């Protein structure tokens, strides 16, 4: 069957971090994940990743997702592929795709179409190429009548060859049996004493094998990053591509500044995304929402017609018609039901907020089940932790929880229960009942005259 | 008199939303509003808007602002203008400007100057044109000695004609009487079976009428949007143009990222706008302020020397010398008087805050009248809603409201009144008086030793 | 000795603010400070700044940092330098560098290398030049075999001269004695009746002195700003240059939008900076942190492995492994020790937070010393101000401060002390003791049925 070998042993010294280069992230995912995803989307399930620098990080990241083989010494790209020979020998029937783990923009269409060309032409090797405006630094493709006549590196190219704009992406399809043969013939007879994978092309041609090229419609397949600036460019390209795709789907952007949307995010038509909004992971946004400015959403599912203004939400669910913000924090495992309104400086954690419930300001609801039509006053706190264990609060439908109420969990307020402002609730409250623990208000006349005498009646305006 | 017909019947299918194309927004206003505004600024008060797709949305938006006529079937731009013939026939004396409702950057100077040319040359029709670097896709203007010889579309143009960089904006001045005549001669004898308004030029020339062209100094008059990417480009062009205008007026920007300032906003010289700031509607900012980062202001009037850091304010007034933020929410109908200081996590709603009053942190003042020189402690809440009705709190000058005070509205604190921390105030407090409802503090020795024994004295550090 | 004269008398009328042009800021520092810094880095300690418009602002800013001399009338650049003749006469041995106070990107390498050339060639004057793509508007350098033959201004240049891309930066090294001589020969015999410093070149050549040129490797040395748009461009160039330098050091940026990092800031390798983050002054960030989105840090020192999400911090210290946010405000003189977790809507001011202490939500800690392993509940407030004086709170290690606790300063909680939710603590609490001042909770059955009867049992869902 057809299979892939992904080269992922590189270090990326100029990144200045002890991370294998393919593990640096583009739009929240390691570059290696982009390459693997393209393979999987192209139905290549037999994959071997060649590791090298900090191999364990890649092994840990991949887990059981695919095979790995270690290139213990780094002696060139050909040497890297040689490490996969035992993998290749397990199934020599089809073709093998060689990919670079740090060139994230390879796509499944390029993989599929280049394979079709490779097979139709009966090539031993098919180079995946791209046509670029500025080919400087890349290997140029020398076309011949019936295939390619070779690849010439920048430093070896004549002026005429340098003007060629079709370049080598570093990705190749090989007939697997031929690849094993060609790898066996590689030498390190060069200045660096390395085994170069590109040398297989010349060997194949010399041996009378057929070498072809497939020029991808996506010139970004060649892009990689050697330093943080290059990585920023990849991120920018990916950010803009993702946003263009959402625009094609009917999502509105009036300014894309500071917006980062990971590839996995889905957004419905008619929704507007405002600047500074970051959408990560398995976040799904419905239709006709307005999200932003400055929202951060992670693995959160949002219904239609939702308005979120400066909200951060993690691993939660926000149903249709909810309005939140500004300055709201929704922590994991929360569920805000349809029509709820959450105002400013509110935290919700591991809590369900019922339909049409209002939490207008400055409150914390944690480990709680809040019913529908409830009103939570300003300053209310669910006291869900006593220093030893967490407990839940249950608040019945249409309850009215007065301002600065403390609910000492575990506790339950009945339907239409009412708590007076400033009450600390330590026991369950029946349906329709009022809970109040208000003391006696003492008024002491002339107090300020005496107190502020020490400051010469300057008053009390300064509280920095 | 002179008048205008605005074509606003288009759908914009690639926008993927059931909204007429001229209703998509650029910088917070429908494109149609930009076009109408340019007409009105050029003193064209007699305006007819031709609707089509989702006509009701445009009719509802326009209200009494101008006339509309429905193009029930969409049979081309000429057919659209034909629908306005009854409107045209009401006043055939002057000239009629035809505009595209989805080309927002037409400006009053172009309208006025092209009319002057139109009248001076005694033209039956004057095409408004622009000179652009890349004319691809636009109709090219064929100039003749004394006017124009025609307009040739991209697909019909010779190579030489394609190199012409003066293009048709799709806007025209017609002598009204001639327009009615020309509309009567339009045919749909073409591949699409549509009536094209541009055909009127050829008919006019054939009939011996004079056709001229006016090349606008503003090449953006031709810009429109067919999809969300195009709309983003219009928004970006408008955003940058607005900011350039403010810079010319002496407003400072050290980084324009994420800044969106609607056209209606006014900003004084010497003010700095920091990134991520969104200014909407009738917002007016004074001189020498620092606004941002990440402020959102809507219909809010701000005095001189104000410092707002991460503040959202809506339909409110903020006087000179106020300092606010970070993380403040000013809701509608609030008035923050001169010299007040509002700190972090504070909401003000429908409330007046007097001069030099300080609200340093974590407080909610709603439906209240707060005097001058007042100090509002952390955690103070105006309990303005009892579940049935809203009531107001009044806080006298130089009052000192202790931390976590609940003011149960309606209630009034006198001048220099003082509330102890944690007090719930349920009755009016006289001038200079102290209000306190503190209970008895019980101390139980060794409590933690017993309580945390269940956890093996692990302590109490984990409150996630 | 060698010395520098910096011309800083210009007004910048188009800036529309009563500020001398060199005092407008690029990346948080006056342009003059950039120029001074380059001199000081190049070991030029004898510096004279020529002031003019609003001279006092510059004098106040400079203080004792360097000499100033006032150009009372503004009669040209030559006249400006003439004002420094008394300064020059104090030490005529070496050479004098003339710099523009509003061209901030002069760098110490250019200063040092141009001086070396100036001295090696034995020039009377050496013009610092740059080679730019678009020389329009600048004086062009006319090279001769052994030096330069003159500088020709745009308006006086032939077509051939206009094609020269080496331009005058406006900065020059003069042998000090020759400069004094040349200044004495300047005339104002021109259209503007001004004394031009560039005329000294022609005079020097005429007198048989040697004039040379040094072309800087940094073409930005010529950049200045005449209006707010120009100032924005300088800021953008500086912002991107600073970020590129951090990237070279291993700092990660996935999107640079809205990020402003002043030159003085230090950031460790492996740290990621997210959009909208502003880092000012003497801020130092450790390694492997994640800072942002939307953080604002000023003069704050942050350890390694810190995670800050939407945090503003000023003049404080945040130790390794701290996690904060979203929505946190750290005010001056705070110290957050290693492993502490600060959650949402928390303000810390002039306070030490001990190791591994948790403050999860909605709290204010001011003027306090909080121990290690402490848990601060939601809504807790240190009542540090009584209207007359500020006092401190001390919270012992492993204390558990219940929700909505008021600590009336001065007060001390012992180790492992525990306060019940809603308690107001007015006296010191011993180690391991519980403090509680809870009243009696009254429950009134059927209250809501009666209360909401007035609204026809509509419930209590609306609290806008």
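Letters are used for the chains, namely A, B and C, taken in the order the chains are written, and counting of residues starts over at 1 for each.
Everything that follows uses one rule, which is that a contact is a pair of C-beta atoms (placed from the backbone, for glycine too) under 8 Å apart; a residue touches a chain by one contact, two chains touch by 3 or more.
Since we're looking at a predicted model, the values are computed, not measured.
Hopping across touching chains, the smallest step count from chain B to chain C is 1. Both copies, chain A and chain B, contribute mostly unmatched positions to the interface they share, with under half of the numbers common to the two.
Note: centroid distance chain A to chain B, computed from Cα atoms, is 32 Å. In chain C, the positions touching at least two other chains are 257-258, 275-276, 294, 327, 345, 362, 375, 377, 379, 385, 387, 400, 404, 418, 422, 438-439, 451-452, 460, 463. The touching residues of chain A, counted against chain B in their complex, run 244, 247-258, 269-270, 274-276, 293-294, 309-310, 326-327, 343-345, 361-362, 375, 377-379, 385-388, 400, 402-404, 418, 421-422, 438-449, 451-452, 459-464. In the complex of the two chains, the chain B residues touching chain A come out as 14-17, 25-27, 227-229, 231-232, 235-236, 239, 257-258, 260, 275-276, 278, 294, 296, 312, 327, 329, 345, 347, 356-358, 360, 362-364, 373-375, 377, 379, 381, 383, 385, 387, 398-400, 404, 406, 408, 416-418, 422-427, 429-430, 432-439, 448, 451-452, 454-455, 460, 463.
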